[in-house]
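Dropping the structure in here first, questions after.
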């Protein structure tokens, strides 16, 4: 059997295999998870994480890093839980303005050659502050439609799986197939040559940032749909989760090497790893440490598969 | 009979001594209960970071694991409602304590945080009838406990207008953050007559005052042994007087018994209240003695205590 | 050729001046390119060739002077207007996006390539062009450019520039396009350039290999220190005249190389056959060993292997055994944030420091010494490395390796883009160092350089397939050996041609 | 030489300018009366950020993707373990310090082992490590808070000629760091690695050795910081390090160190550390609510970085 695997599909194969291995382990530990509701319970909180991971991936595509992802998703969640149900128009305007703000950030970072890490670090305070201003104490109410979508029960496959597949397909199309995707990946790969070919780097970056913000907005709304209400600190962990998801999915920090399907798989893997741990029932002292250990195990698995694949290739 | 039932503790944070004492109490009391066959299991779970999303996932996993009851100290009163609802729908009893949830299907063992804040000012009003400037040390912005206690304090100040809140900082319930924040604002503050805290940052505040070489005001203490020991030291040296309010970490064991009672078929009101733990000048020594060195003043509950709380709510 | 002079010039540059800070890169250049001509642009490293090219393609705005495309001065000088007039450029340093596939790079390079089925259009255009220019190439256009060898990347870049996607290229600028191609590929390219010019297209062709320029260009422009010093039909030049016009004094090529037999002692370096195929590798003290063969057949990998196995990754050896001269400057050569001096001294810091403290006086001295020795064209060794022209950066890398006390120097096609005068000097340094007992292992894509070596290993498909010594080292023998299949295990065709 | 000096000068000057402005605005509130007290507090608390910041800076200098997220857990672990071991015994102060350094070395080795053996980006490797280290801290003392030895507590909280002792320690450490970076072969090496690993490797630099040493150095500095911080605040707490995750990164990048690696800046860390402390103090002093305070902090950080790098990139 001779399959000619491109680098991209190899990049995908490994995360996919780690996900499958982990899923088998979870099923073994907890056979109840092997059902429609079981899968939904395992994965529904992965949906917002997946969206945030995609957003982070888009930023990483242009060689930047967004340290404000968690704060931004929290901010969106607060807006979605306060304005969207009561004053949808104002809510929408706020969210659109936030997306525009991201685009502006992209432009500023490019024009002034600022390190994205610092700017987004600063922005994380800004979004966090705005979230506290909007929602000083936890509360709010998810928009009915968001709640409806997130608790819907499609036939055959649970919502969480359907959503992940849809997200993967759409982003794969945008990032890997469309001209815009090629352009922003080109910016990540070699900004100078894209510029020399006559493209406007500024608009490419602004586009990448705005698109990322749009996915982050979806993440915030999806999150509120699941939790029914919000607080200012609700998604702070998404910053690190989203970065880890992209990396697990085979993406890289620089060079525009990303994989949207991989990122989705990475986010699912991370979520699943947490459940796997719960099912193992470790002593409370070591539960936190075990989360580190599981990350390492998943990555070791990745390395192992990588090796296998290299040996295959060497032949 | 609940000997076949399994109860889980879903805890969102383990990074401070209060939470550690809470987990220890849980282990001690439930371990006993499992051994004597009251329940079949009582497992404790903690998430890595203090995050509602992570805890929601944890609760969903508990549903899959087939627990009969879930006892929750929640990261957010509202953000877990989705997961809690799913648990209830799956027929699971959900009891929340300390960090309670607002989802109507769950039970709540609440501390009256507002009252806790108010009582601090009331105490001050007794001590300092002429009033004065007050420094407020708050917790983590955006968290419900912080909002509630602070709300109580402000209500108290409104009632006793001789007090003025001269400054307010967020100490994030962490000793060093509180110390840092107080040290930063202190130079710009006028003379401070008292410091109101959310229980636990008193020692840090005392150190910041000492470092700035300012007279030590009345600092409301928390329940940590070193705070109590410092207070005792001051009391012996110069008759320093204050009080301490806090929540006993052992409230987790009360929640356990309440869950057990509900599983046993007892009729239990959805909202229960536990008193907060208060230590005064005269019972300081007694409390200090009971508190392990480096630990937290604590009260653990028995089945009888729980039944008393349940009955008093009826 | 004079027939084309009445045509409207594709590009007309007049009095172009450009300076970078204190460096005057162009001091008033006039350059006219007409349809149907191939203009060879030659000059020493740092003469300003890449700079004028950057002005023509719109990447740089001249500080003084004008540029007109097809007779009209553009409203706004810039990349877009140059491209609209059919100007395409293959840059000296590779400039594709390594993370994108060949097809996707086409999309980036050609804005006209839009619509829903741009992928299929791109495939058609690029495969067609690749086949036309480099018949017999084996490039899979769905692969990421980063996975291709350096020669393949260069081929893709050239084909991309010539590709016709809705808009025909009128002027293609080739800035040292052959520097990473081996002889046969280079010849294919040159042949294509000739037919393209006959078909009415224009080319600016920059190269340090004067033979190529003489055989391909219809007109040759010689630059020196930011000025055009000669501009005549190619027929009026010979190699010697060109060299003279460039201002370098080149000793006549000494072919008389004493055939030295150095295999007597134990080898100073050796490697078993790569992947269990072909011949083992050995090098002896004082030798210049050449690695030849078509580009990308394992020569660089061998050098890297040799380097890794003789240098510590955890602790530095007190006496370095090997030094390395990079060919792919951007990838494993230069440190872009640093000054020329720091770039040069990094490998020999042990010699200029006391108790791990760097002695800056000593370091500067070392820098001055090498600056003089191989003429790095800069006012100040404290200037950034990127302020140097490509060839001069390469010289710095050379100095870096030669300054190390290591007995063996590994060279990964280091003369890429070095001008002919410097080359001759470096050859001289190599010879005298070899006399003193240093060993050089030298991968080169230029036949002339391979022929300087004492012994040559020829590579094919990752393995050594032949060893040539002394007078057997010739272009024909190497080419013939390049197509020998490697034999598994150690049954070797040792010097089957010798 | 001149060009070099101006290059080094520019990035850090801005964090100091910002610091002075914020300081002036803060003391304006009391008409200048709080100047001495505020400065002393600022130096005290900046010292801790400086110590972890230096370690983080070395790591960030190693190039894109290099970052040590295990810093907070390291601080907690060394604080809890050393205070537990020392009890309140003055004689054990130095052994305690030795233990702290030993813990740092161990965690540093662990960090690099993950990075190297699993070939994973440092950000993930050190994140995983931090969970494990945090668990170790919980396991070793379960949040029991033990007082530091009196002598050590006195040392960390008192001042010498009005300068806090901890600031003096941090100053000495920064001078050492500066010399390491600017004057030694090791400094050259990490800068080279930060610009291009393949190029560094082919220039004969022992890349693994240098990166390994750097991760160990960072962990050791974090560990020393934990030791001092726990002594300073009268005991270790399980969440004492969490502040320093963002802080350690922020002081490095605001201080003018290139996030892309290869270029580091020691004085800037002081500017940034003082600045970050004073911003919070200023906003607290003027009594702004938490929301506004956060927004302002963010805006000020961005403003500083805009001004600073706007100047830095001024092309010739």
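To keep things simple, chains are lettered A, B, C and D as they appear, and every chain counts its residues starting from 1.
Assume contacts are C-beta pairs under 8 Å (C-beta built on N, C-alpha and C of every residue); 3 or more make two chains touch, one makes a residue touch a chain.
Only a predicted model underlies this, so the values are computations on that prediction, with no experimental measurement involved.
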Item to check | Contact distance in steps, from chain A to chain B | outcome: 1
Next on the checklist: With contacts counted as defined, which of the two, B-D or A-C, has more C-beta pairs across the interface?
Outcome noted: B-D
Next on the checklist: Based only on mean CA positions, could you tell me how far chain B sits from chain D in angstrom?
Outcome noted: 32
Item to check | Chain centre separation in whole Å, for chain D relative to chain C (CA means) | outcome: 45
Checklist outcome for this item: Expressed in whole Å, how far the mean CA point of chain A lies from that of chain D is 29
Next on the checklist: Touching at least two other chains at once: which residues of chain D meet that condition?
Outcome noted: 131, 134, 138, 142, 258, 290-291, 294
Next on the checklist: By the touch rule stated above, which residues of chain A touch at least two different other chains?
Outcome noted: 131-132, 136, 287-288, 291
Checklist outcome for this item: Note: chain C residues in touch with at least two other chains are none
Checklist outcome for this item: Touching pairs of chains in this structure are A-B, A-C, A-D, B-D, C-D
Item to check | Residues on chain A engaged by chain D in the complex (per definition of touch) | outcome: 108, 112-119, 121-133, 136, 240, 243-244, 247-248, 253-254, 285-293, 295-296, 299-300, 302-303, 306
Checklist outcome for this item: In their shared complex, chain D is touched by residues of chain C numbered 20-21, 304, 307-308, 311-316, 320, 322-324, 326, 331-339, 342, 346-347, 349-350, 353, 356-358, 382-383, 400, 404
Checklist entry - Can you list the chain B residues touching chain D in their complex? => result 14-21, 24, 48, 138, 141-142, 167-170, 172-177, 179-181, 183-188, 203-204, 207, 210-212, 224-226, 292-296
Checklist entry - Contact residues on chain A for chain C in the complex? => result 6-8, 179, 182-183, 185-186, 188-190, 192-199, 255-257
Next on the checklist: Under the stated contact criterion, what part of chain D meets chain A in this complex?
Outcome noted: 64-65, 69, 114, 118-121, 123-125, 127-136, 138-139, 142, 246, 249-250, 253-254, 258-260, 289-302, 305-306, 309-310, 313
